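Have a look at this one before I ask anything.
By letter and in written order, the chains are A, B, C, D, E, F, G and H; residue numbering begins at 1 in each of them.
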Amino acid sequence: MEIRELLQAYKKGLLSEEEAARALTYSDLGFAKVDRQRSLRCGLPEVIYCEGKTDEQILRIFEDLRAGSCKTALGTRLAPERARWLEGRLSGLHYFEKARIALLGEPMEEVPERYVVVATGGTSDIPVAEEAAVTAAAFGARVERCYDVGVAGLHRLLSKAELIAGASAVVAVAGMEGALASVVAGLAPCPVLAVPTSVGYGASFGGLSALLTMLNSCASGVSVVNIDNGFGAGYQAALINRIGVKNSEDTLY
Amino acid sequence: MEIRELLQAYKKGLLSEEEAARALTYSDLGFAKVDRQRSLRCGLPEVIYCEGKTDEQILRIFEDLRAGSCKTALGTRLAPERARWLEGRLSGLHYFEKARIALLGEPMEEVPERYVVVATGGTSDIPVAEEAAVTAAAFGARVERCYDVGVAGLHRLLSKAELIAGASAVVAVAGMEGALASVVAGLAPCPVLAVPTSVGYGASFGGLSALLTMLNSCASGVSVVNIDNGFGAGYQAALINRIGVKNSEDTLY
Amino acid sequence: MEIRELLQAYKKGLLSEEEAARALTYSDLGFAKVDRQRSLRCGLPEVIYCEGKTDEQILRIFEDLRAGSCKTALGTRLAPERARWLEGRLSGLHYFEKARIALLGEPMEEVPERYVVVATGGTSDIPVAEEAAVTAAAFGARVERCYDVGVAGLHRLLSKAELIAGASAVVAVAGMEGALASVVAGLAPCPVLAVPTSVGYGASFGGLSALLTMLNSCASGVSVVNIDNGFGAGYQAALINRIGVKNSEDTLY
Amino acid sequence: MEIRELLQAYKKGLLSEEEAARALTYSDLGFAKVDRQRSLRCGLPEVIYCEGKTDEQILRIFEDLRAGSCKTALGTRLAPERARWLEGRLSGLHYFEKARIALLGEPMEEVPERYVVVATGGTSDIPVAEEAAVTAAAFGARVERCYDVGVAGLHRLLSKAELIAGASAVVAVAGMEGALASVVAGLAPCPVLAVPTSVGYGASFGGLSALLTMLNSCASGVSVVNIDNGFGAGYQAALINRIGVKNSEDTLY
Amino acid sequence: MEIRELLQAYKKGLLSEEEAARALTYSDLGFAKVDRQRSLRCGLPEVIYCEGKTDEQILRIFEDLRAGSCKTALGTRLAPERARWLEGRLSGLHYFEKARIALLGEPMEEVPERYVVVATGGTSDIPVAEEAAVTAAAFGARVERCYDVGVAGLHRLLSKAELIAGASAVVAVAGMEGALASVVAGLAPCPVLAVPTSVGYGASFGGLSALLTMLNSCASGVSVVNIDNGFGAGYQAALINRIGVKNSEDTLY
Amino acid sequence: MEIRELLQAYKKGLLSEEEAARALTYSDLGFAKVDRQRSLRCGLPEVIYCEGKTDEQILRIFEDLRAGSCKTALGTRLAPERARWLEGRLSGLHYFEKARIALLGEPMEEVPERYVVVATGGTSDIPVAEEAAVTAAAFGARVERCYDVGVAGLHRLLSKAELIAGASAVVAVAGMEGALASVVAGLAPCPVLAVPTSVGYGASFGGLSALLTMLNSCASGVSVVNIDNGFGAGYQAALINRIGVKNSEDTLY
Amino acid sequence: MEIRELLQAYKKGLLSEEEAARALTYSDLGFAKVDRQRSLRCGLPEVIYCEGKTDEQILRIFEDLRAGSCKTALGTRLAPERARWLEGRLSGLHYFEKARIALLGEPMEEVPERYVVVATGGTSDIPVAEEAAVTAAAFGARVERCYDVGVAGLHRLLSKAELIAGASAVVAVAGMEGALASVVAGLAPCPVLAVPTSVGYGASFGGLSALLTMLNSCASGVSVVNIDNGFGAGYQAALINRIGVKNSEDTLY
Amino acid sequence: MEIRELLQAYKKGLLSEEEAARALTYSDLGFAKVDRQRSLRCGLPEVIYCEGKTDEQILRIFEDLRAGSCKTALGTRLAPERARWLEGRLSGLHYFEKARIALLGEPMEEVPERYVVVATGGTSDIPVAEEAAVTAAAFGARVERCYDVGVAGLHRLLSKAELIAGASAVVAVAGMEGALASVVAGLAPCPVLAVPTSVGYGASFGGLSALLTMLNSCASGVSVVNIDNGFGAGYQAALINRIGVKNSEDTLY
């Protein structure tokens, strides 16, 4: 439901004044101003970046989002022990350990007939890839995983060429030299979202090497997110996967 | 037409063996191996990056693409004087001076009912924005331009909020501190493709500052291309704009 | 009281020779030379940067400042457990935990009818913002806090536009892409002091990204301090807030 | 005049509807959206950064500002030959060659009894210092210049200590190691605005060295602008110099 | 001939004292000390890096090498106009324009039954590749060129897999993201010498991106030389190609 | 055995279909795709980079390699306690503690009459050097160690000149300023593989200083691997040491 | 005693053959090659950099130096607990805790009538300064300490101007912006050895800021050592302090 | 003559009041404040850094220095054509073209029995070396040049070992990997002043590589100046060369 639709619904009496107001404003918790309008404005609901916030703060933001009728609330970069603390206080919280993501509520309804591929160069890139995969799935994308297909052994990637060719977006996750994104983009008729990871040592400079590789890709159709930002790529992939899909009223609020 | 379709068409006799072969291989010009298979594999045809190639080389690649039945061939980063030299030798070449792009053939058929927004922070970012806009248009996207809406005077951007809200993708082009992408992503329910530009001086370090800003965007839904890479963002925007659109046979080859 | 006034006061017998001498020199503690002349010279008293000093050294400098009649002595970057150790040894020490600042003595008299705004992009930037706020308040500025108003949800910041418009200075604290400073400077008719924070990951490079953003701000009226240097911005804001205010004799020494 | 005052003036009939509207909006020139509201919102009028704009574009923006009743319009980073071209087309344009600034209209009325000091480390820093000085003067600050007082011969700076002690702000311009800002801040009871310059060679890395020096100043009360950004420091100094000064109606619009 | 052999030859009277001395020392030209001992010590003769030397200096070093009986003297990074000047003064000088290399004397005898592959990612990398190819050939390697086989169109590289599989070393030359080296190393049972080039723009940072990519290669068997250092890779390839080959006395001196 | 030989062997019935298939494909373990084809394609078998993998994952990959008849499987960057855990579960595993390498199976047969030198600048570089030495030895090279021969005391290195002159490759391992590689290359008639180490402090920037030194070597014949990448240099040295050596069938699979 | 003198002493029978040989060679401990010739060659004896060496290795090198008749052996960067372990095993070892240096044997005889000043910008720089001071003293320099004289309070430094004016060298130790070196060099008629320290945070980048400041010093007569390298500066100061002083035979060996 | 001596000379009537005042102050030329006190304070006279100054400014500073009785005035970084312009206006000006230095007046009296060595790694480093050599000579040092003795051919450097062993300081000038300084410091019993040059390409990053090498030197006794700063090293060498030498009254003023 977009802002305009919401206003019409309110005019027609389908929404109470309180319900409308709640969706159009932010809640001020002092330490945070929770953006309830976001899913109307941006198509997907607010997400809590948990690093640098206290357990208590995260709990209160989750509660506030639920109070604001948010049906799919995500918390990312959440350590397992913190997740366990929250699970004791919030019913309906599901924690994805490899991805370090907590989901409060339900994933959005899956977009039919489309899917997103999440690929990695190596085994060590999997945690970042899972962050992307769980995010995309929470926001309605079917996800196909394709791990450890780095360019040092091309036959592994080529054996997945057909899967890649059918995707609406590919998330390519790689550390070290990060060449995966270019090679994938040479095979994919869809946008490739490249995620450099901090996997590596020495002159990988914490992921800088992979980041530069991906930014300089000689293959068209690659765009890049921050180092280790699986969430960002999964979110973008979900947005792309929804292009042209009419938001059914029940997927959001 | 994808590779599979091409093979079926050949089997059914709709394509001659020569036509099929031409589309499935590359032509080896010695100094270049022109990738004729690309539009089958990647959805959009080969593009010539003209910098670092001689006039003669560019001419021969254009000729080879035309011989390979490519209907929409682009050459980017082409200086005006070089374009003029080519125009005298290639009929049907159209040059977009602000964008520094040459188009041989016709733009792809426009995707109906969708559009892409190209926005800039300032006036000096316009050449990069035009590269994005012309590229996206060549590959079938209707483009809405929205220039000089930088964050130092927010009311200029906010007056375009509705236009942004309806796009299938927004290309946000900005130099200096590059904050435009984050602010736009806070308003847009679609993917934002951020293009840092080298506009600025001192600690902008040739666009590095804007690049880092965009990679670290606190707003979800932003992905980034190389500094001044208007082409890359326009190409990605065109891909996104085509999601779910059945390639009609006549748009490619 | 400036140096000249002090000399006149001494001539008139309002100050004893010992009092005058104490204010014009430094005390040599061996490991430190405490600058007693500073508040005469620079308008605000000496501040102790506690990192890299031992507990014992900090204690002795505080004692020396008090002996030198300093009425408002600050110690910054002081960990809670160290503060507790000092509190047991120095009467009249007040510790601000979020800001990690200890204040010995009294805040300076508040400048009437003016105030300083301290704003943050996110929740994780609050500790740095508190360092700025407590510093500014200690040096006589009324402080209005305005936290979590980052640019990804502009309506949060715009709802504070009036507050910002009335300030004598705004301290804008932000990590990640640090776009807050530019957007605030586009709204504020006063100097904006930008504080990049080390909040972020990957290509934020420990705050470098936000630092560059702020240095390259396209909005006029922004100046920048070191990463996480809330103290510096609060100090500068207090200086600006005092412009044109006659130092009453009792605010200093 | 602030926005609120403008609205009241309009209500009282002191301003026509057209006059009010002109001041509250921006003019859309296509390649630029001129921010007419700026001086209401930010206290000082719009400034044209001329680099990267064509002569024709600069001319049209100056004309638009004049049409919008802007009384003090500045164009910075304007080369002499371009200035000459403009002077032939815009009456009332004054060009400051060392500062590379063009002023259309009149400087703002000088703030009485206050002044700003602009100091440089060396002779080669003078062009950047002049950009600061001319900007500050255009926006109503009396400016005292104090050039070539670098730290390698301290007696030169110390002979100016009294001048520095009386300023409302000091702009400290220095390249190479940029130590001037710290030393000045140790002498000044007011904000110091540090401008690193690109003067130097080798490991000065185009001003990076001086920039880092200034950001890490051990002296309190220093904030920093971009490399060679004399304009930014002069603008900030003018803002500080105006603190607590009631805008007389005739200084703006 | 190694130093030991030379000494024995001298003892046996096969070399005069003067001949022996000439080969064991350096000639001091004042501005240069030409290392005549080098080919005895390092297996391959001295090479002149022409950048930063005057025409006159290059001429005198070439003359000195010839006087020292060097049979294969190379000058690299030599601009065409300078080469022409030298050709008029040195008989037997051959200039390779694409490679910008001048060869005085004869190439070393070709190592039988082995070859070196020189591959590039794109057309713009060819000048650097030619520097490698001409160097390797001068030092006795048969060279197979394989240009424009970048990873964005893998079928181009895969069609050369057999050629690569038979080489004694592969020189992989690529700019932009530099992924070629990793992909080649996944196909080659021999050392891969990676040469990053400065081809690219923006975040390629003059070849830094490709350099980091290659240093971080996830494929084993890659080592890297300086940006644009085709000579270094060609030299190393020639050394590898000679492993286990008995230096016939007539190939050196 | 190369791929071609394998196919012939299969045709002749020397290999069963299952054996052939096993060698030509990869095994998909989900988290990893083990590249069994590698030693056919690249001359040396797959190596496990253990950092970032769980103990369980390493165990399963080792088991899979053994199942695939790999005779020489290496695991690098393996901490002692993890090695001990593996030793209890894998018979025939040998652990080299200084090198942090585990070897499953047997080293490859030693190449006769050739050797590789591994040299270090200092004592602290030895762990990286051991990684190189153990790797090279596992892949069939005789290794001569030459430690603590840094350039500050040249007579130490010069006393090893003869050893260096006879090697087929030299691995030069050095941190701090990394000058060892250049000096060695001036003495060696064979390829020098330079390994920068992270030994040092301050402006060594984690090995960056040594890396740059080695990339800029004024001596011909130096190529460089990643910081602390002893494995990479040892692998490359082993490849070079094998040039021209016919793979006996029993060394691989 | 220089090498020539040593040879003469041996010829005259003042030294036994064994004694002469011991002084001219290095001892090979396997993990280290101890440079016994160093004090003959370089004027000052070998120094052990303890970081990255095991306790056992340090012990054996100290023992070897003593066996080689070295009268003044230093070990730097030695943690207190390691020093205690060594003290139990080596008689005559003296540990300087603040400097983290162990001295085996006696300091060299003090050069008469000269001294070296060691100055710091702040209290936190003292450990690095002590490394310099203890080193210089061990090698025969009288040392005057002058701590916490940073440029933010110039009167502290100016009160030491006379001391500085009389030194044969000044070691200037400073972190943060590192301006001390320039200011001191403007006062000192002798070489200034600048030591940047890693004291600071944010954009000090681990001492990089201070390093660049010092390298770009506008004052003549400054040279720089690595970040935190107090040893290097103390060593260089001792060398300078000895210029023109005849080595008495008993100071070395 | 030091300040104290000057005051005594004035008291005794050996200097007029005017002469004393002239030597103790600076002359204010507006664009420059010429430091006449410098040679009293710092032992060596003021030097003009000509880059970034106009011809007219340089002329006036030279004239002012002469008026101030400076006997040895240097102007560095002076292009040949500018030198010619000055020679026409200043009698007694001598220009050293390779060094790009102009000397007004006479070199200082040579320090007897000592000398300074200036060495370079290659031929292209000579201009920087000449800047060092001419500077040192102007300030009273005998200079021995030793060019093109880079570490790739050690025998060239070793043949100069005796010369190096006798120097009071060595200036080691090198670009590319800059290893010369470490090797020289391993041979020299005196301070080594290392000058990195911008000679090189690619990953030399304009001299950064050589700079880092030199800062990280594993050899004791190396200190470093800015990239290409031959002047700084020559100046420092001259200072060291004068240690312990009584300034005769006629060498200064």
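Convention: a residue touches a chain if its C-beta (ideal position, glycine included) is under 8 Å from a C-beta of that chain, and two chains touch if they have at least 3 such contacts.
From a predicted model like this one, the values you see are computed outputs, not experimental measurements.
Undergrad: Return the chain pair with more inter-chain C-beta contacts, choosing between A-C and A-E.
TA: Of A-C and A-E, it is A-E that has more C-beta pairs in contact.
Undergrad: Compute the centre of every chain as the mean of its C-alpha atoms, then state which one is farthest from the centre of chain C.
TA: E
Undergrad: Express in whole angstrom the distance between the two chain centres, defined as the mean CA positions of chain B and chain G.
TA: The mean C-alpha positions of chain B and chain G differ by 60 Å.
Undergrad: Take the average of all CA coordinates in chain C, do the same for chain G, and state the distance between these two points in whole angstrom.
TA: Those two chain centres are 39 Å apart.
Undergrad: With chain centres defined as C-alpha means, what is the inter-centre distance between chain A and chain D in Å?
TA: Result: the chain centres lie 44 Å from each other.
Undergrad: Please list all residues of chain E that touch 2 or more other chains.
TA: Chain E, residues with two or more chain partners: 122, 152-153, 185-187, 202-204, 208, 211, 215-216, 220, 226.
Undergrad: Which chains touch which?
TA: A-B, A-C, A-E, A-F, B-C, B-D, B-E, C-D, C-G, D-G, D-H, E-F, E-H, F-G, F-H, G-H
Undergrad: Which residues of chain D touch chain B in their complex?
TA: Those residues of chain D that touch chain B are 25-26, 30-33, 35, 37-38, 51-53, 57, 196, 198, 206-208, 211, 226-229.
Undergrad: Tell me, which parts of chain F touch chain E in their complex?
TA: 2, 41-44, 47, 114, 165, 168, 185-191, 193, 211, 215-216, 220-227, 231-233, 235-236, 239-241, 243-245
Undergrad: Using the touch rule from the top, collect the residues of chain C that touch chain B in their complex.
TA: Within the complex, chain C touches chain B at residues 121-122, 150-154, 158, 176-179, 182-183, 185-187, 200, 202-205, 208-210, 212-220.
Undergrad: Hey, which residues of chain H end up touching chain E in the complex?
TA: Residues of chain H touching chain E: 122-124, 126, 147-149, 152-153, 155-156, 199, 201-204.
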